[in-house]
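So, here come the structures, one by one.
Common to both upcoming complexes is subunit A, partnered first by subunit B, then by subunit C.
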Partner chain A sequence: MKRRAPVALVLALVVAPADPALAYLKFGTTVGGRQVTLKWSQTPVRYFVTNVSVPGVSADDFQAAVGRAFATWHAVPTASIAYQLGGATNAVPGRDDGLSTLGFVSRPDLDRVLAQTSFLVDASTGALVEADIFFNSAFPWSVAPGGDANRFDLESIALHEIGHFNGLGHSALGETELRAGGGRTVLAAEAVMFPIAFAPGSTAGRTLKADDIAGISDLYPASGSAATLGTVSGRVTKNGAGVFGAHVVAFDPATGSMVANFTLNANGQFSIGGLSPGPRVIRVEPLDDAELDSFFDPSRQVDLDFRVAFSDRVVIVPRGGDSGEIAIAVVAK
Partner chain B sequence: MTRARAAACAIVLCSVAAARDAAAQPAGATPGRFEVSGGATWIGRTSIGAADAGETTPSNGSLRIFSTSSDLAAAPEIDVRIGLRLARALAVEAETAYGRPELRVSLSGDIENAAPATAVERMQEYLIGGAVLWRVPGLQRPRLSPFVAAGGGYLRELHDRALLAQTGRYYTVGGGVAYLLASRSGWIKATGVRVDARAVVRRDGVAFAAGSHTAPSLGASLFVRF
Partner chain C sequence: MRTTPALVCLLLIALAAPARATVVVPADLGELARDAIAIARGRVAAINVQWTDDRGTIETIVTLEVESYLKGSFGSELSFRVPGGELGRFRSIVVGAPEFAVGQRVVVFLGARGPTIPFIVGFNQGVYRIVAGESGWMVTPPANVPAAASVRVVRGDVARRPMPLADFEQRVRALGSAR
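Showing the complex of A and B:
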């Protein structure tokens, strides 16, 4: 039996009904009562592109732009994921046809959804069978090298969606402000996997950040990288009780990079994987820069009532190991 | 007379006798070819880098989330040196030192008004290297021997229960003075105390920023010459 699950969208936000596993925010599914991480079991992963063009983006432009985005993920040296273009197809993204298809689909009803990735999962094993990405042609698109002020950058959005295609959930490494008419404006983000897209014209989303690289390296570790990369793990508490959904950021003072995850259970435990060895500073903040359902199932009770805090310890990421549990106590606002 | 008082008197008598021997030495004399010394050195605070945690803006700029400033706190180290006199005024030394400085990262300027904080880790630091000493000829006195020295070596810094080792290099330059307490004609040629003031330059290791990171150091040790 196979089941389809639409799992991620982008733009002025959307939904990632992920069932997170402890250790990086990855998509998961339950098989026989057991949590299984969604990922491709074989690479290269074959994908197809549709022949549909839209104003400003020909079918060839589309193929080239998504090809560059796939190549960007493939180029991460500490990850092993690879892709193969199967060719052009008349298939429509979102259909259960065994082809992982990327293409434009007009969905004016989804007025806040730039693009969406959906998965077909083998419910008996939890293995990924197919992943499709549609780009909403109701929005204006561009593949201009320097971006187009009034159009969304296709390569940037493709890079985000291919992150979902790989099995990655959303990152919360971003700052936003609420818009008067609803929704949020992104002030800055330090992860391609942040759930809200940059404004039209920006091409800043074409480059993977440390958080994205850590995520893909954790999900598909390259040969030998497990022995070189490490993990920070610990627990966030408030009044002695675990905090669920706290955003935990590991900052590297040597490189200026940030990699983050969440506390993912009622005990307040977190784990941030795919980190290069070295000292880190840990910052904990409430998850208040995007809609909560971009990260967690709406039924989960995310605690937002605490002040931003730093760990009083410099935490060490060992080579190929774990920091040992660190404890961070936060206080209510 | 208690045993402790007797021991104290004996030490004082020995010192007086030794000082008399030392005073009999000609100016600038450096009895013994080999020298072994051990003592403690205080190394001052070393700034090792500052960095902002920033996020990328839509125009590819950077929005600061918070700022960090890092240093190795001042700390004592214990050291051991073995020296070989090559000429009247020239000697070489092998040296090793061990200390436990704190790595301190100060956090401030948080975009969401987190209280400023300092994250701390106590490290282990090993220095293994050597130095060249030149006893300044015009300044030598019967018991006092000023010198200048320069050296360098290997730096090994171990984090948190030796979870991670970081290595680098260090260089020293400075000077000091050796004061002869006693000299004699036996197997042990002389004993004395020595004070060193140096600049310690660390490269790599735990340093977050590239380049050299300099700290003052002040050390005192006891030496024995053979």
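Showing the complex of A and C:
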């Protein structure tokens, strides 16, 4: 029975609790008993595209759409990451061949998976060696500038997957609705890294949000940006004990933007990094509407039994510093 | 040239740990029940990790001792596949993919295409865990039950709780038999 090691690694990949300055979930791995954040050590990061086309998306269309998505991440002013197209390849995304490859693959068995990122890590150093992204050609795709009502927008999904390619995990900043007559749909998402897709036709996922920008800025800070950004940290408790897995949202009343993280240890501590200075309202909520496997190691006991709570005061994010510990107590439902 | 996993292992020298992440199309409980060929409650009896048939990646075969079927049937013991797992010097991690441990009790929504090992419908959405509650067995996470009118899902809502197993099964049976 070999489940303990993968479970431990999932915990490391998804939670990486040793890092005190998480913008939100980042991937990490354990090297020699210590946590190492998964990220590219050298840029530009070289990637290849397959020459596979699907109805509605030619190989050239694919290369262009993926290129726009890479360019969007590259354009974040407070981050420093660059990419380089290596050209077309016959390699298959998902194979461990040393190339970072993006392309279409037909996976009808993954009936609700639009795309998937895989990466290969040198476990002796924690260095990211290779990352592949496959887009499931069992679904209909589009690169139409304004979207196609019956097809998923390739650039939007590519932007999400390239976020993973960079080393970012999922964000829970999104809201869904159960539709009359059946079905579930995304109403809004304040992060490209929200794991549930908008309906076909939507191109909303082509634009990075504050949460995504905070994440990439935390992973690959541009020169001098650390001195201009700040952190909110604190602790969430219930009946005096720490709460694990609480979703903590920092809301900027001036801009309406949100950046979030989770309480990531048994003490209920959280830290939200990559924030622009200024006031924030802190909201704490249970992740009781999500597939927890998207966020946490399933062996961890995520507390879903509490009501929404807010910080009792507006929190000031200092330039280049930390807010000081914010204490928020929640009560059971 | 096709590069084998063993060759990559040599090239990298160090242990390699692949990881994956996904974006999914959402489903409610009714869609999962409708799309599933079989829905089973049972206890995980065994977990085996293997290379996929094309040897391109690693998958895990989970064997379930079935206690009851809520829809369809694959027999008193069934196996289904989930992506990822650990095999030799390789670890394949699929962030968001459901993980299982021997002895766990679960309800799984299963699909199949042709004469292959079944898979979980909806990726991580087609698995519910059975946990002990104060008043008996409960199912978690809180299910997204189809609504008569459109309704926003509100985090922290007191109604969003793990559901008693008997209630959950009653709803799933009804949804699974609906056209």
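Following the convention adopted for this analysis, the second predicted complex is superposed on the first by the 301 of 333 C-alpha atoms of A that agree within 3 Å, B and C clash if a C-alpha of one lies under 4 Å from a C-alpha of the other, contacts with A are read in each partner's own complex, and residues count from 1 in each chain.
Please note the rule applied: contacts are C-beta pairs under 8 Å (C-beta built on N, C-alpha and C of every residue); 3 or more make two chains touch, one makes a residue touch a chain.
The structure presented is a predicted model; accordingly, all values stated were derived computationally and were not measured.
Novice: Quick check for you: in the superposed arrangement, does A:Lys209 touch first (subunit B), second (subunit C), both or neither?
Specialist: In the superposition, A:Lys209 touches subunit B alone.
Novice: Can you tell me whether subunit B or subunit C touches more residues on subunit A?
Specialist: Of subunit B and subunit C, more residues of subunit A lie in contact with C.
Novice: Look at A:Val308 in the shared chain and tell me whether it touches subunit B only, subunit C only, both, or neither; answer first, second, both or neither.
Specialist: In the superposed model, A:Val308 contacts both subunit B and subunit C.
Novice: In the superposed arrangement, does A:Arg300 touch subunit B (first), subunit C (second), both or neither?
Specialist: After superposition on chain A, A:Arg300 lies in contact with neither partner.
Novice: Tell me the contact category for A:Gly174 with respect to subunit B and subunit C: first, second, both or neither.
Specialist: After superposition on chain A, A:Gly174 lies in contact with subunit B alone.
Novice: Touch check for A:His74: first (subunit B), second (subunit C), both, or neither?
Specialist: Touch partners of A:His74: none, neither subunit B nor subunit C.
Novice: After superposition on the shared chain, which partner residues are touched by A:His164: those of subunit B (first), subunit C (second), both, or neither?
Specialist: Only subunit C is touched by A:His164; subunit B is not.
Novice: A:Pro279 in the overlay: touching subunit B, subunit C, both, or neither? Say first, second, both or neither.
Specialist: first
Novice: A:Ala189 in the overlay: touching subunit B, subunit C, both, or neither? Say first, second, both or neither.
Specialist: first
Novice: Where on subunit A do the contacts with subunit B and the contacts with subunit C coincide?
Specialist: Residues 175, 186-187, 285, 307-308, which sit in both footprints.
Novice: Note which residues of subunit C are touching subunit A in the complex, please.
Specialist: For subunit C paired with subunit A, touching residues are 2-3, 5, 8, 11-28, 30-31, 35, 47, 49, 56-57, 84-87, 91-102, 111, 113, 116, 119, 121-125, 127, 129, 140-142, 144-153, 155-158, 160-162.
Novice: So in the complex, which bits of subunit A are touching subunit C?
Specialist: Per the stated touch rule, the residues are 1-3, 5-7, 9-10, 13-14, 27, 29, 38, 92, 94-98, 108-125, 129, 139, 157, 160-161, 164, 169-170, 175-187, 195-197, 247, 285-294, 297-299, 304-308, 333.
Novice: Mind listing the subunit B positions that touch subunit A in their complex?
Specialist: Going through subunit B, the ones touching subunit A are 49, 51-60, 62-63, 65-66, 68, 70, 103-105, 107, 110-115, 117-121, 159-161, 163-164, 166, 206, 208-209.
Novice: If you look only at subunit A, which of its residues touch subunit B in the complex?
Specialist: 173-175, 186-190, 198-199, 201-204, 209, 249, 251, 253-254, 256, 258, 277-279, 281-283, 285, 307-319, 321, 323-324
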